[in-house]
Amino acid sequence: MKVRINGSDEIISEKLITLQQLIKDRGLSPKQVVVEVNLQIIPWEQWPQITLQDKDSIEIISFVGGG
Amino acid sequence: MKVRINGSDEIISEKLITLQQLIKDRGLSPKQVVVEVNLQIIPWEQWPQITLQDKDSIEIISFVGGG
Amino acid sequence: MKVRINGSDEIISEKLITLQQLIKDRGLSPKQVVVEVNLQIIPWEQWPQITLQDKDSIEIISFVGGG
Amino acid sequence: MKVRINGSDEIISEKLITLQQLIKDRGLSPKQVVVEVNLQIIPWEQWPQITLQDKDSIEIISFVGGG
Amino acid sequence: MKEDSLEIGGVKINCRLFVGTGKFPSHQMMQEVLLAAEAGVTTVALRRVDSGAKADNILDYIPSGCKVMINTSGARTADEAVRIARLARAAGAGNWIKIEVIADNRYLLPDNLETLKATETLVKEGFVVFPYMSPDLSVARRLAECGAAAVMPLGAPIGSNRGLKTKELVAIMIREIKAPIIVDAGLGKPSDACVCMEMGCAAVLVNTAIAVSRNPVDYARAFSQAVQAGRLAYLSGLAESVDEARASSPLTGFLHNED
Amino acid sequence: MKEDSLEIGGVKINCRLFVGTGKFPSHQMMQEVLLAAEAGVTTVALRRVDSGAKADNILDYIPSGCKVMINTSGARTADEAVRIARLARAAGAGNWIKIEVIADNRYLLPDNLETLKATETLVKEGFVVFPYMSPDLSVARRLAECGAAAVMPLGAPIGSNRGLKTKELVAIMIREIKAPIIVDAGLGKPSDACVCMEMGCAAVLVNTAIAVSRNPVDYARAFSQAVQAGRLAYLSGLAESVDEARASSPLTGFLHNED
Amino acid sequence: MKEDSLEIGGVKINCRLFVGTGKFPSHQMMQEVLLAAEAGVTTVALRRVDSGAKADNILDYIPSGCKVMINTSGARTADEAVRIARLARAAGAGNWIKIEVIADNRYLLPDNLETLKATETLVKEGFVVFPYMSPDLSVARRLAECGAAAVMPLGAPIGSNRGLKTKELVAIMIREIKAPIIVDAGLGKPSDACVCMEMGCAAVLVNTAIAVSRNPVDYARAFSQAVQAGRLAYLSGLAESVDEARASSPLTGFLHNED
Amino acid sequence: MKEDSLEIGGVKINCRLFVGTGKFPSHQMMQEVLLAAEAGVTTVALRRVDSGAKADNILDYIPSGCKVMINTSGARTADEAVRIARLARAAGAGNWIKIEVIADNRYLLPDNLETLKATETLVKEGFVVFPYMSPDLSVARRLAECGAAAVMPLGAPIGSNRGLKTKELVAIMIREIKAPIIVDAGLGKPSDACVCMEMGCAAVLVNTAIAVSRNPVDYARAFSQAVQAGRLAYLSGLAESVDEARASSPLTGFLHNED
């Protein structure tokens, strides 16, 4: 399955993977990031229910210092 | 007949008056002004053919110093 | 007797007058002023001993606001 | 004979040398320089008559660009 | 000066120095600075994150009582700015947004038209919007009319530390616009901030000058004092200047016998 | 900033804002201002008095801990200044003297040569001398060499509130002269004082701007804060400015799929 | 400097001083001024006329070789500006238009958004368009992209004679925009115009400062010389400044025996 | 402008731009520059010469009609300056002397006191004396009183090209001193010279900015035009500036039917 994460394409071997799992695999915590799938913001409560589809475009964002 | 000239209403007694005449009556020369009737610019060659209608809106404009 | 006080001449009727008396007559207190006689500064302790002479030049100065 | 020229000491072998000669030896032309001997300015007409003495202090100056 | 506190979007802000969080060597340093400055408001940005290297969240270092404003830096269009604002709110960062839409890479100057578009949209969505803009009365008036919480003209290019180079235009905005005017970007010295406040700015936003200082904490404190000084002077009424001198001491009739 | 206190003539001065006492509506108001400003030093002048109308002595209103400096205003020559200084000391006002010798009636500009002469004489007589002067490195150097406690160049004509119009020359004096440089005269706004301190002035002396303010006490407090801010910024090291912009927020790789 | 002539809309303009025709006591005086300045371009406005009192046409007083540009003063919206432009062209005044859309009554500042709209429309209709605008890089870029013949940022409010108060923003526009940058409004002294040209402006437009001068003809000539001076300096490359001194005369080894 | 020519020491000077001869790559280039600038006065220095390498005399390259003034650069005291002046006169360079006494090595600032001493001596000896000085009204007044032909305050340190950084003090000197005021040193751009002339300076002296230019001849011509422009503006009376705008075009009653 091919998805676009933060603007770059990635191949995901798993047939079934939830957003929850994806974030966890990357060592990220819900406290720390906000996730957008196909321009839809997904509240972290829903991450377990969301399974990635081929061609999904995902943004994983967090806060940094800025002026 | 009531027409609007340069933004103010005026009563014109004559039944038939051409643009040519109107300008002449005001002591203005074609060289010096440009005339707009109901937002249409009327070249001075056509002034003799244009007769004013009730409710016409006329702008008579000329050049002045400006920065 | 003619003396110069703060730059203007004054006639003093008394034959004998001390600096002490002069200051007192003007309603000034030692705390508040410093006195110069003929360019000599006179400490207030000496005022009672100093008697004015004809042509003495006296400056009576005090403090005021200044930048 | 030891003379001071433009601030530095120089030994001159000749017993008798005129200012005229000194300037000539240095390839300088009267047009171009002004000479001071022991703080006295010497007009070039007098150069032939002036013979250097031991310990004379000589300044040879010319014009340069300046602001 | 209690009674002088600034109120924006229903929030009472006690300090008129806003401090950005960019470029600090550490979250700890940034926190010390915000505390030393008693910053009333701070700004934070968003960025893509790929792995959990840096586990801690910058928001956890913002002192309580320092209001957080998310800036949309990175946005090149109104749409991108709007999208960032929504992400920020969804992430629980609240609804205060500094709109920063930049299309110019050398001077990082804001795009006033896209900024206006983003402001209109976000105000309608209930955000408290602080547009960063190039000083222009006609755009400032539109921003205020469409509900911007404040208008933030630049003093000089971001990070340039050049000071208030747009004084003439900002002064006109202060006089003509009802919304608070907050100078953002370019202020390099406390005296620059003091000048802004003396003119009647509601606040100033400073980041680079403090973050890259040899002593960020002291430099921030200096900015904070200067902002207070400028505000107090503004409220007291500035002394007007004259061409010639006016004696502050008695000059007459002293020691000159001719007098 | 305890360790930063200024020491002049063996006296430790905690506040680098000096405030003159001229032009105040009342001694009480002047006192409130000196307290609000926490002024480290104040100036007082002398004048002939003919009768005891005003019985109270201005010196009684100077807060303890505010060092008094007598200025020689009214003097037109070195001799007159010297004479005033001696009178002041005899009157128990101490030995701190601000030399002000003025020959110009329109701009009240100091006479540098007479000022230098008076300084040489009074230093020899044991006074702590603060010459008010027109900024000139060659004269400033002589003043310092002959023992002036500090050198006090003007920022602009007395009472003009025009600000630091002599920045270039004062900056050179600060760099080249070891004695403390104190800008005196012409400062109208707290930001003017802040700029002086950021440059490295040891202190500033303000009078007219405060005395004629609508709110002298608040305006004095504003000056005091601005002086602290400027000093702290100077000690921290000023941010240097650059021509172009430097991003204070992440601008790259965000929401642009082409990235 | 023949080869340096400015070419706009296919017209070769020999003098980079543009002079407006407003506020002159008479058409004759205006004509003398245009001749003395050798103005490359002049501006004229339109106004309603009710009776033929003043029979002569100002256009008859414009020297041949001085290009006429009609300004849309009086317009408050893009539509009104467009309408005025069309009237002007119909009246035989040509197709050079200065777009002036003003919504602010106190400072007469231009409305950048309406100005941009009018520019887009008039360029499409074949006019040679000179938009008067508030300096803002993002709007200037759009004006240039949509075909403005030049971009004309203000130096200060119209008629204020305050000089180039927008230097920072104008300098950035010159560096970033390909279209000619012409400073319009606010220039009061020839030195102001000289500064603009030294920076790289293509031209400057002056009216009030000259028209209200005690000696309009001489003052115009002075502006003309200053514009030439500034342009020539720009082409020669400006001298860069340094902090310290650099001797222009030999300082060493002269009269000092120790040397 | 014939009637406006400057007369000093009985000599009529037609151009108010004075140009120094230091730092030029060649005498030929210097000559071209003096011709292009139509310089009214030029300066030349003295130096020890040990051998006749460079056989030609710089004086031979000064255009006729350009008055030569010898400067005393290198002098550290009044005595040295006097000695140089006498040498110059003995060498047939005439009796016009620019007194330059410098004790400061970093900023090359003049020593006002030694300069005053040298002026007094040389005036008595019949020289036409032009003292270069640090702007100070009290010293300027003494220089004028003792017979200086003009007073030459610095604009900024020699060779710094920083412009007129001493504007406030120079403006006061112009107003208070009868002798011609000539700004010398520090002017870097033609606009700097234009500002000096607009203020009422009698002339300006420029060297480094021209000599180190990429195009000395054009840059000199630009300075010359700017000096003429500034002078003409001064004679015409400068336009005074106002805070708000004043329309230069008709704004009323046009196209707005409500009018």
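The letters A, B, C, D, E, F, G and H name the chains in turn, as written, and every chain counts its residues from 1.
The rule is simple: a contact is a pair of C-beta atoms (placed from the backbone, for glycine too) under 8 Å apart; a residue touches a chain by one contact, two chains touch by 3 or more.
Just so you know, these numbers come straight off a predicted model, no measurement behind them.
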item	value
Set of chains adjacent to chain E and to chain H	F, G
Chain whose mean Cα position lies farthest from chain H	A
Chain centre separation in whole Å, for chain F relative to chain D (CA means)	56
Separation of mean Cα positions, chain G and chain D [Å, integer]	63
Euclidean distance of C-alpha centroids - chain D vs chain H, Å	34
Distance between the centres, which are taken as Cα means, of chain E and chain D, whole angstrom	72
Of all residues in chain C, the ones touching two or more other chains	6-7, 59, 64-67
Residues within chain G bordering two or more other chains	20, 22-23, 43, 45-48, 71, 73, 83, 106-107, 109, 156-159, 162, 207-208, 247-250, 253, 255-256
Which pairs of chains touch, using the document's own definition	A-E, A-F, B-G, B-H, C-E, C-F, D-G, D-H, E-F, E-G, F-H, G-H
Interface residues, chain F side, partner chain C - complex	20-24, 30, 43-53, 55, 57-59, 70-71, 73, 83, 86-88, 90-91, 93, 158-159, 185, 205, 207-208
Chain A residues within the chain E interface of the complex	5-7, 26-29, 31-34, 36, 39, 41, 43, 59-67
Chain E partner contacts - residues on chain G that touch it in the complex	103-104, 106-107, 109-114, 116, 134-139, 141-142, 156-157, 162, 165-169, 172, 175-176
Residue ranges of chain E in contact with chain C within the complex	247-250, 253, 255-259
Of all residues in chain C, those that touch chain E in their complex	4, 6-7, 59, 64-67
